[in-house]
Amino acid sequence: MNSYYEQILKEIYHDVQRLKDNGIVAQYIPELASIDPSKFGVHLCTSENENYGVGDHEEKFSIQSIGKVLSLALAFQQKGEDLWDRVGVEPSGNPFNSLWQLEYEHGKPRNPLINSGAIVICDILCSLHKHPHSEFLDFVRKVAGNHSIEYNQTVANSEKKLGFRNAALINMMKASGNIHNEIDEVLNLYYQMCSIEMSCKELASTFLLFANHGKLISSGEQIITSSMAKRINAIMQTCGFYDEAGDFSFKVGLPGKSGIGGGIVAVHPGKYAVAVWSPRLNKKGNSVRGMELLERLTTKTGLSIF
Amino acid sequence: MNSYYEQILKEIYHDVQRLKDNGIVAQYIPELASIDPSKFGVHLCTSENENYGVGDHEEKFSIQSIGKVLSLALAFQQKGEDLWDRVGVEPSGNPFNSLWQLEYEHGKPRNPLINSGAIVICDILCSLHKHPHSEFLDFVRKVAGNHSIEYNQTVANSEKKLGFRNAALINMMKASGNIHNEIDEVLNLYYQMCSIEMSCKELASTFLLFANHGKLISSGEQIITSSMAKRINAIMQTCGFYDEAGDFSFKVGLPGKSGIGGGIVAVHPGKYAVAVWSPRLNKKGNSVRGMELLERLTTKTGLSIF
Amino acid sequence: MNSYYEQILKEIYHDVQRLKDNGIVAQYIPELASIDPSKFGVHLCTSENENYGVGDHEEKFSIQSIGKVLSLALAFQQKGEDLWDRVGVEPSGNPFNSLWQLEYEHGKPRNPLINSGAIVICDILCSLHKHPHSEFLDFVRKVAGNHSIEYNQTVANSEKKLGFRNAALINMMKASGNIHNEIDEVLNLYYQMCSIEMSCKELASTFLLFANHGKLISSGEQIITSSMAKRINAIMQTCGFYDEAGDFSFKVGLPGKSGIGGGIVAVHPGKYAVAVWSPRLNKKGNSVRGMELLERLTTKTGLSIF
Amino acid sequence: MNSYYEQILKEIYHDVQRLKDNGIVAQYIPELASIDPSKFGVHLCTSENENYGVGDHEEKFSIQSIGKVLSLALAFQQKGEDLWDRVGVEPSGNPFNSLWQLEYEHGKPRNPLINSGAIVICDILCSLHKHPHSEFLDFVRKVAGNHSIEYNQTVANSEKKLGFRNAALINMMKASGNIHNEIDEVLNLYYQMCSIEMSCKELASTFLLFANHGKLISSGEQIITSSMAKRINAIMQTCGFYDEAGDFSFKVGLPGKSGIGGGIVAVHPGKYAVAVWSPRLNKKGNSVRGMELLERLTTKTGLSIF
């Protein structure tokens, strides 16, 4: 088994590396714009805790929107099904983080993986905890089994300074009564959550939680219930790639989540978690090489959930 | 194994039957409005071709929108990936068959399982075949392994007579250049496709194709490629339940498709296909008991794709 | 007074004629596409029934959407204020004849001068009259004081054959219950109404009704009440130019209505009606020279309603 | 003449006062919620500077959105036609201050009288002046011929504190590049502009500017060009009443602007300006008695622009 995944990962990594990469690195903040666009790594971690990595898989990068799955997991763990009074589980079906849908639906975001939904999740965490920043970081470190994981405050500050669109979203939801804390406090948590840095290896280990029915591989501790893990996977499947969720589901056939830093993580329940990183993005904001590599992975292995 | 599914199906069937059923039978055409609302059947067919049924599982009903998966399969088989120039694979994310999204996206429907998309699929079939009606029926009969399957022309006529909304959709797409044949011809095929009648048993057998990687269980014949079967499952997962696709994915965790006649079919790739029928619908047009039973099935068996 | 308008009209006609005309003649039906693009005429008719014309002001052309004001006048005359249960008086504020607004507002068109609203007006006329076609033509002839006015059935047929967008609109409204007659019957009247042919001279004479508080200049007969005339003027002011209503109001400062045949008619209540014709259209479907000439007319005379 | 307007005003004032007033006083800030709902005044000022008032016409109230016309006048005076690169002149056609339209149209507001447009006007004033607050107040005082006019800072603060929707709008436009100054600075000016207090008498005198082709009655000084006055009147006509612009135009037939404090001002170019105040609002946020009184005024006098 071991050599099987290793062999395939190496093969597709090199095949994809040879392709012309037409994507563009995110430019809106200097910290992302200055990343070396040729960075490329992948790491797969099986539910037997076997690990295989190729390329820059141990280099940390900004996980960005991938963090939304982790804040969702923490909020879900603590609020249970009540969470869904504040945010839906349906795909958004609109380009970008459409304000109009939010307006039409009276400030309840479609799902927790679009910006508006992740902001509501942060609001919930702010209501639950006195120090939501450290609470969330502790949670991530525990799931990752790694106490070196940190926020990048410089990235968080840059994003907030230019985050007019998110400011529009949160003000809109505040007007509709779906934000209970101070706007600034919630946005601070949101931007910190997005600023977490991890390597592909760390990401894959962390997301093994969702491949392993909510249990830590290391200790067997049940972090979220198996039903919660199943539901989070379902949400990643239908909502993890903004306007390209259908396409990812269609081509890759796994639940997953992408970030504008060029990372993508995907989960095969019961089998493995895999993280890939390459900073050049397609028009919809997803890593070009990341998408390509994952499509090849499930094609070659013949293993998708479908 | 045998008795395992049988036992569970009986149990949950009776549990769900005892619940109050608040749904409402579709009223818009007399043929559906007159169905006995207490009808309730379920049938599961494994990839080893073992069959288990409870209740009215051998009584035929109008499969309605479930037929869209079958017309998609035929068109996909014949056009291959070119199909996606005419219709997308993204969830629609809007209540009903929103005209506005179609307008905004210049007449290209979001996916082949919403009305507009299924109409485009019918247009494609009209371009490919001189007698698309018989071609489609032959295809369905072959996949079902059953030559008694028929259209219900009375239902097709009733639907067409009152199908103003679909007429709006097709005219809109014709204006955008995405309908190549005569409007009437395409609508005729569309309404016939929706008028097919099957029992739960027949539906489950038919959809085994998608659980069995595109091959007929009986003969081993490859009807669609394994990649096509995988992709159709992915589309059912993200788009099979109109505005409730996320919720179904979330609660049931299987690709599936519902029809306004009260049928729902779901597929566990590699394992089984299951069809349920109960005519009372929730506000989003999906069978109340059908949704409930399938949620319990994947919870009890612990077997979902997530 | 006489020579005053005459002088100004001649001057601005020649000034505008010298400008480069970047517009494009409507291409969607052959009957409009084949019109000589250099045609250009203007005619002003005062409430003292003095007439001044320059250029091709006595040549008939297809009045198209300008006819919507006349069908509105007839329906308003006969139904009174009840009319507004079926159609609004608000500007549409969206490009083209947006289906989405109609969907959002449950099939009640924003106003009677957009396509959907004019179709509802035709539906009302179909309910009121056994022979709405001849009833409407008689009404127009009476207001125009001219029995030679005719429909152009070839134009009507061409438009209907390609009128997929209007077919989408009417089906949508039928689905919402706001069309009471057969779709075909209503569309026939609609396309005939749009196919009426008049010269600038005839148009100006006809629209004098609205400048003259609802009375015919010739006989003094009160065709519609003075309040109705006032209200129709108000609707032309806010809704007469699709997405350019504000711009026309802004630059010209008169109630008016344009047609895709290149005609524009404008009304200065108590003073005059003026019609201009030049087939080249701007991107919003309004005559380039027509807009320019009318802006100069109210600037030169210093006479706008503002 | 004198006694003519006086007589009519008295009559309709008393008629309207006798009607049941079903409206509701604006509740969103305490300063407006606490206004005595029975307040009712009207004042008409002719272009011969004759003044007629009835009821509470000399009591100051919060002019709110009526101030948008005055900030527009100042910005137009100083930027000329370049103003229209930043904001349109078309009606908005959507309920409320729809974010979606702003999104669809890339951050350029439809017109300067909706919130988003008025915010852009404030941004322009912030770019033009070092002390835009005092510059604007000086302008208003000059046009009003009255140095006692003041902002109400308590009202401005209350509005800003709860102005989440406006904060959403400005952030959205900042994201689109249509706000050039600091968000806080622009919002401060916006809320101050809306907090100005005037009586009906003062409002009518001030808006005489627009009835008098841009000239002060008192001194004959030309504050804005006659073309600018005409254009502002046209914008009030098509855009002055949010979603009820068409209805006001339809029933009253005059350019005008309403405020959520219960004030409405209307202008008959060349004839008079009239202001009315009654705090109870209809569902669209316009004064119930104000709308009624103005409709009766133009009906009784037979004097509308149409």
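Going by the order they are written in, the chains are A, B, C and D; count residues from 1 in each one.
Rule of thumb we're sticking to: a residue touches a chain if its C-beta (ideal position, glycine included) is under 8 Å from a C-beta of that chain, and two chains touch if they have at least 3 such contacts.
Chain by chain, the UniProt names read as follows: A, B, C, D = Glutaminase.
Worth saying up front: this structure is predicted, and the values here are computed from it rather than measured.
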Just to be sure I understand the contacts, which chains border both chain D and chain C?
none
In how few steps can one go from chain B to chain D if every step must land on a touching chain?
2
Between chain A and chain B, tell me the centre distance in angstrom, where each centre is the average of that chain's C-alpha atoms.
32
Would you kindly tell me how far, in whole Å, the mean C-alpha position of chain D lies from that of chain A?
48
Which integer distance in Å separates the CA centroid of chain A from that of chain C?
56
Two or more other chains in contact with one residue: find those residues in chain D.
none
Which pairs of chains touch, using the document's own definition:
A-B, A-D, B-C, C-D
Using the touch definition up top, name the residues of chain B that touch chain A in the complex.
88-94, 101, 110-111, 227, 229-231, 233-235, 237-239, 243-247, 249-251, 253, 255, 269, 299, 304-306
Can you name the residues of chain B that touch chain C in the complex?
98-100, 103-104, 164-165, 167-169, 171-172, 174-175
